[in-house]
Amino acid sequence: MPNLKIFSDLSHPELAKEICAELQMPFGRANIQIFSNGNPIVEIQECVRGCDVFVIGTQAPPASENFISFCILINALRYASARRITAVIPYLFESRSDKKDRPRIAIVSRLVAQMLETSGINRAIFIDLHAPQIQGFFRLPTDTINGAGLICKFLKQRDLNNYVIVAPDAGEAKKLHPFQELMPQLPLAMLDKRRYAHDEKPIVHKLIGEVGGKIALIIDDEISSGGTIKEAADFFQRLPINEQPSEIRVATTHPILSGSAMTTLNQSGIKELIAINTVPVPETKKQVAQFEFHLLSPAGIIAKTIEIIHTDSSVGEFLDKEYLK
Amino acid sequence: MPNLKIFSDLSHPELAKEICAELQMPFGRANIQIFSNGNPIVEIQECVRGCDVFVIGTQAPPASENFISFCILINALRYASARRITAVIPYLFESRSDKKDRPRIAIVSRLVAQMLETSGINRAIFIDLHAPQIQGFFRLPTDTINGAGLICKFLKQRDLNNYVIVAPDAGEAKKLHPFQELMPQLPLAMLDKRRYAHDEKPIVHKLIGEVGGKIALIIDDEISSGGTIKEAADFFQRLPINEQPSEIRVATTHPILSGSAMTTLNQSGIKELIAINTVPVPETKKQVAQFEFHLLSPAGIIAKTIEIIHTDSSVGEFLDKEYLK
Amino acid sequence: MPNLKIFSDLSHPELAKEICAELQMPFGRANIQIFSNGNPIVEIQECVRGCDVFVIGTQAPPASENFISFCILINALRYASARRITAVIPYLFESRSDKKDRPRIAIVSRLVAQMLETSGINRAIFIDLHAPQIQGFFRLPTDTINGAGLICKFLKQRDLNNYVIVAPDAGEAKKLHPFQELMPQLPLAMLDKRRYAHDEKPIVHKLIGEVGGKIALIIDDEISSGGTIKEAADFFQRLPINEQPSEIRVATTHPILSGSAMTTLNQSGIKELIAINTVPVPETKKQVAQFEFHLLSPAGIIAKTIEIIHTDSSVGEFLDKEYLK
Amino acid sequence: MPNLKIFSDLSHPELAKEICAELQMPFGRANIQIFSNGNPIVEIQECVRGCDVFVIGTQAPPASENFISFCILINALRYASARRITAVIPYLFESRSDKKDRPRIAIVSRLVAQMLETSGINRAIFIDLHAPQIQGFFRLPTDTINGAGLICKFLKQRDLNNYVIVAPDAGEAKKLHPFQELMPQLPLAMLDKRRYAHDEKPIVHKLIGEVGGKIALIIDDEISSGGTIKEAADFFQRLPINEQPSEIRVATTHPILSGSAMTTLNQSGIKELIAINTVPVPETKKQVAQFEFHLLSPAGIIAKTIEIIHTDSSVGEFLDKEYLK
Amino acid sequence: MPNLKIFSDLSHPELAKEICAELQMPFGRANIQIFSNGNPIVEIQECVRGCDVFVIGTQAPPASENFISFCILINALRYASARRITAVIPYLFESRSDKKDRPRIAIVSRLVAQMLETSGINRAIFIDLHAPQIQGFFRLPTDTINGAGLICKFLKQRDLNNYVIVAPDAGEAKKLHPFQELMPQLPLAMLDKRRYAHDEKPIVHKLIGEVGGKIALIIDDEISSGGTIKEAADFFQRLPINEQPSEIRVATTHPILSGSAMTTLNQSGIKELIAINTVPVPETKKQVAQFEFHLLSPAGIIAKTIEIIHTDSSVGEFLDKEYLK
Amino acid sequence: MPNLKIFSDLSHPELAKEICAELQMPFGRANIQIFSNGNPIVEIQECVRGCDVFVIGTQAPPASENFISFCILINALRYASARRITAVIPYLFESRSDKKDRPRIAIVSRLVAQMLETSGINRAIFIDLHAPQIQGFFRLPTDTINGAGLICKFLKQRDLNNYVIVAPDAGEAKKLHPFQELMPQLPLAMLDKRRYAHDEKPIVHKLIGEVGGKIALIIDDEISSGGTIKEAADFFQRLPINEQPSEIRVATTHPILSGSAMTTLNQSGIKELIAINTVPVPETKKQVAQFEFHLLSPAGIIAKTIEIIHTDSSVGEFLDKEYLK
């Protein structure tokens, strides 16, 4: 594949290497540093003039620094005359800030989209945006890889007969759609969260549907502090014994696992966490897990998507057939 | 309020008049016609130079013609040197096309947002967008009035003890949030739709939660053909008798009621339809209804929002307190 | 011609088919529908990634719906990653609204140009814009095919000795230039229209030049209601008998023929109407004509222009030599 | 009128002074120079922060230098934080390059429009653009003062009974419209120009209409070299004596009168030249005229238009009523 | 001053408070937090609709996070309908990356300028940009406060007879211009840095001018690691004793003082460091200084500049007269 | 090199021819004229559709006319569908106006950058911008050829032992950097200019460094009126005889030599002027020189840069290695 180049910022070098390995390509050389005044600085170290460049960067903590470094890398490639720049962003910065649901807040993911455009991207690839509408914040072509495809492939290797899919709130219920499509035999349940007074946090109020004696598979697009899972687990424990699930297992796309998330998850008593390697999970975190922790690699599907885009084949059909877009 | 002017296209003159009446203001004079070659043409008939103009237009069928006329009206105001133009759009064109969930479709509401920007608006006011993220498709300030406020005010005049809120599918479940906030005592149920084969339409598969013997209040943001309601009603009829609701009532923001929607609703056996007057419902449609049909006027809240924007007060606080944004 | 694709909206399928036949190419597959809420929706059904796409659409009535559908089709192609999109627009929406000759009107064809840019076109091809300056409303390359070439080719097959070209008003006189260039032997006459009071419509006041005993060939770029032709014919009838033309024949580029235009033309007593197939003329209209009705196909010249653009040859030279640009 | 400021470049200081005198305002102080390397440089010498600034500049020769200086002046005002900048351009640079009528030429007045936008104008005022569509090349509000109003006011002071309006070619015929509206009793004639071979210049071929024994009032929007007038005069002289006009008089908006134009006009034997002072006519040129030379000042109407815009009144109505827009 | 509001991000609260105190204004209420996934999130807590808002943020380490938070704050204000937003940036992010002096690097301060524009600023105020040309990277009005004014005011309180200004390299020499203007009696010297081989770092090679026995006042716009000062001091020590300065004193605008900068400065043996409080200097750093450390507050001049801009007075004249722009 | 085309405006035909000769390519045909009304007009006379076009133009006097003609040429190429347009600008218009160092002036080179973008360039190549930051005023890729490379190559053919490089002021000192890199053995001196009162011009006040008995090689990026050189020469003459240089030689990139510059240089008593042929120097000027006048051709390096860009090789590496970027 002549003229194809892959670059990566410093946010998730392991994933970038896996993708290059899948494509049997060397890594684009770039020097990315932070100056003593805290300013990131980037130097591309090979000619990219006229090339079709894919730039990999994920925006896990330190998210702002990762995001800015990524933008500078893109900008350097743009002014170094790359022909086309595709941002490959497994976890998009500020993806949760996708609507104006309180007065005087910013829709930050729109700003992020505009900043990426300003930096010089021509297109972007994501894995599971917090809302699919975020694609519309960009005014250039984007593709979203659906994490459900990877997770369901993994789950289908086991007997799912006793499983029930649980949405941790109504907002998440909508996102279960691809799971429903891929595993149509599984029943569904949802936790109903309510806010009792205007200034209070919403709390789990009721279970809609049934999980009694079943394996509750809680699905959430991102696990940050682990609070949502803990809350669900606590609620289940307060149910009459026969209405409680026999086990709680969790599947997520983005294992942010910030702060004391591992402790919180351990306290929740979950049996398993299935996640996609969209952000780096340090070995130390994996080791403290008191549950099965499966980290699925998206490198294959990303590599294939890059190849398809580079050769002007159909991304939509590939994602549809193979992994459910 | 000097320098404030209200204009309207031809899409919903009755609502426009109500809003002007609330504001105790005359209507801006404009001549809007369709030429013999099918081209809309607009002439503003009074000076708007330096004015703060609000333009009312809703995009019910004939939706394209209404939308284009609205854009031309805005463009004429822009070049006639209006100082600020706020589009007031009770029902936004192509609001349902808000994500790219199949290959090679357009996110048409992003295009609509860009066309409105191109026409010359400075800001926009909506009532219940199909997804709140659509605000992010605009790169200028917008405000969304939450129809739930109006509907709940109306509902709360009655005894709701036996009511249960029903989401017709998981996508709609998320939008019930404001109803849950405003009527926290009401239980929730959801219809689970599944697609049995890749090329088939999703159909109602199961009820999650319980409605037996209760009044099922189905809430949907828009009723076009009435098919969703009919499907739900049919599903309820197939349930064991004790699991069936005692009555079905429906609340919606946008009563599009296109084609044979009234017949379909009559066949569904619903007892009541509560809707907001965001699009014109012809008298003939109201008369054939074999159910209570309540059309709530948004003129008061729109008029107040206009006044607040014009006088640089806080829209967010007003919508929050009075009507739940 | 690899990577070349032709798509069409629903506005003039017959012409689109003829163009594809000329190019010996299949038609691009796309599904274009109107939803029950009046919203057009488009799905491209084949991969266009990296392709050089030409999209055919003409904006005859229902003009707004045709225009919006065309924009959505373009937008879907843009986000489906077409490399270049050329709009092929035989009859441009709002082409007559090309200047601000009254206070507070919009120059709507500028807005149309901006909306097409916003939708995602890279270039455009037209046939006979109402004014050649409209090209300047676009900020991207455009080409205009001059209908006079086709019409003169057709006319030159007959003896033109007794013909005189008649401009129906001074505005049209300027547009006769290509006819004068192509048929330099034909004399010219012009109807002088005046407005007697500020609020009145201008009416034909005088003939400048001579048509007595000759065949008056009235040339107008567009015939909508037929009113202009009827007015000219009526004026000729009021002239002294020896100053009247022996026959009236009419040539036009765009046969909109809206409403009762066919009746009006029949009443005008014209002997012939020569028009270009830029907008669909239903068979029923052709059948009621009490005059010779010649509909010339622009498919050949459009197909050749597409081929030239696709292969980076010179459009200007082709149009200049073969058909007079 | 607080916050109103008038600036001018060096292109037509006399007109700028007249306008300020009409408005009873001092002149904005600015230093405009050409450096030794040929680069214009501008320094605004008074505070304009928050002001409503009108900048006067006409683009007669040296046209490029005048245009660039004008743009720099505007840019300096923009970055000096003027609140609104209105360009007042009696004669617009490159106004004749308004369409692409030969392959591979630029529509230069579109580029001029874009450069003025880039420089920082918010709106513009012109006198008689070469084509009214040029307004559409700007994507901001513009107003055009119609020179016909001034000229007709002047002409109506005399007995016009024996006058006939003559268009020097079909292109100009269209522009006679306002003269026809203002002096509806005057007959019309037109010179028919043809090109006998593809590479030749078009020459006057025939007179359409009658001027025999009458005063031919040739109207052209701009007189540069005087060639068009000379050609018309020569053609008249070749007519049979009884078909010749008794006198030739000329009215124009823009008296460019470049090179040996005065000699050419003298040789044409015209009796009178009526022009508007949109570009400076040096005293030396006026003195060699062998005909009556009337230079009408547009200062009054420009001053009034500025006042109306500044006070947010209706420009359209003013121009319509008083001077015919 | 009605409608004036001051907001600040979390980067330098002490300075923001001082500025508000100078203006006798309360602080705008905003909640700025970092989510558990590392994403900053902002909520404006008072109405800013129609207000003239100044937002204070400096981009010292953690520079990326400070910059992104600042952009989000601006974006929230923009969509909360502030009328005008002026960014007040004492130390601009990436100001040192101002040219492309090696292949394939980005001019990052241009990207920063574009990102600020994208976020929604209308204008910006800086203190001492690394190069004055950086103002040109913005396409909106900016003002730069010259730190030399503050520093010279402070220096002039002492006897400067024995002082010589020293530029640490040729690049800095150019920036001494304002010091030369304000203290014209002081002689000048410059260190000449050379690079002996292509891959080596440039090192101090020679002193141009004389400092023997005098107080060398080294002036640098920013002190980050302190390396430049140490190098100069070391070079001086290697000079013959009579060519060495009697003392080294240092003046700078931006006391970044990152990492072990204080140690490095202590080792350089400088007698004094004069700096402006453009970035927060923690108390701990001040305490370890083995030299006089004077931190001059820019709050007064910033407050005055804000007031002037808000009231549409002349910033240029104020800065020129009082503090030398 | 298929699809490569070179065009030139009329500003420096000799250089354009040399570049084409180096590339062994014919010249692109274009007709560039000035109309009688002072308006430049351009017609491209060969097909450029899909081509990679380089357009050569330098902006020496008449600078405005040259600049505008250049922009129109670019715009004609853009709308003639060139695939990529690279402006090759040996001497950039308004390059000296690069910062806002007085109130209410424009940064004109930013405006120039924006006008070039507006005209339609995709990239640009310069020789020695007045400040390297000017690249940042463009929002597209640019490359700058460093004139020092050519000059040093030429100088190194002689014995430089007795030479000292002299910066005529502190501003120029910074630009000596490449000369220092290329000729590291040469000592450096600088003239210190001061302004004694606020309204006075800065004058040479002192020499920093030593030139006594040596050959002073004054380096300045541009010589316009010759005033700076004369001032330096006069200052040297006022020095004690043993501190005076033995000879003055001058090297410059841009020999503007406007007005009486040759006389001024002759009066300065310089022995040599080395310049690059970035702007045309008429034969008459060369003949009056009372000093050696060497005009170095940049055609070779420009031709090579064009070839490298056209073939997607690395410009940075080429300029770095061969000529020092």
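As written, the chain order gives the labels A, B, C, D, E and F, with residue 1 at the start of each chain.
In this text, a residue touches a chain if its C-beta (ideal position, glycine included) is under 8 Å from a C-beta of that chain, and two chains touch if they have at least 3 such contacts.
Here the structure is a predicted model, which means the values were calculated and not measured.
Undergrad: Applying the touch definition from the top, give me the chains sitting in contact with each of chain C and chain E.
TA: Of all the chains present, those in contact with both chain C and chain E are A, B, D, F.
Undergrad: Tell me which has more C-beta contacts between its two chains, C-F or C-D.
TA: If we tally the contacting C-beta pairs, C-D comes out ahead.
Undergrad: Same interface as E-F shows up in which of C-D, A-F or B-D, over half of contact pairs matched?
TA: The chain pair with the recurring interface is C-D.
Undergrad: For chain D and chain F, let me know how many angstrom lie between their CA-based centres, rounded off.
TA: Those two chain centres are 39 Å apart.
Undergrad: Just the number, please: Cα centre separation of chain B and chain F in whole Å.
TA: Centres of chain B and chain F (C-alpha means) sit 63 Å apart.
Undergrad: Distance from the CA centroid of chain B to that of chain E, rounded to the nearest Å?
TA: Chain centres of chain B and chain E, defined by C-alpha means, are spaced 52 Å apart.
Undergrad: Please tell me the distance, in whole Å, between the geometric centres of chain A and chain B computed from their C-alpha atoms.
TA: About 32 Å separates the centre of chain A from that of chain B.
Undergrad: Among all residues of chain C, which ones touch two or more of the remaining chains?
TA: If we look for residues of chain C contacting two or more partner chains, we find 47, 78-80, 100, 102-104, 107, 114, 314-317.
Undergrad: Go ahead and list every pair of chains that touch.
TA: In this structure, the chains touch in these pairs: A-B, A-C, A-E, A-F, B-C, B-D, B-E, C-D, C-F, D-E, D-F, E-F.
Undergrad: Mind pulling up the chain F residues that touch chain A in the complex?
TA: 123, 141, 309, 312-317
Undergrad: Spell out the residues on chain E that touch chain B in their complex, using ranges where they run on.
TA: Those residues of chain E that touch chain B are 47, 49-51, 78-81.
Undergrad: Give the list of chain B residues in touch with chain C in this complex.
TA: Residues 35-45, 47-48, 59-65, 67-69, 71-72, 75-76, 78-80, 93-94, 96-97, 100, 102-108, 111, 114-115, 118-119, 222, 224-225, 256, 258-259, 261 of chain B touch chain C in their complex.
Undergrad: What does chain E use to touch chain F in their complex?
TA: Within the complex, chain E touches chain F at residues 98-104, 107, 109-110, 114, 131-137, 139, 142, 144, 167, 170-171, 173-174, 176-177, 180-181, 184, 187-190, 192, 194-196, 206, 208-209, 314-317, 319-320, 325.
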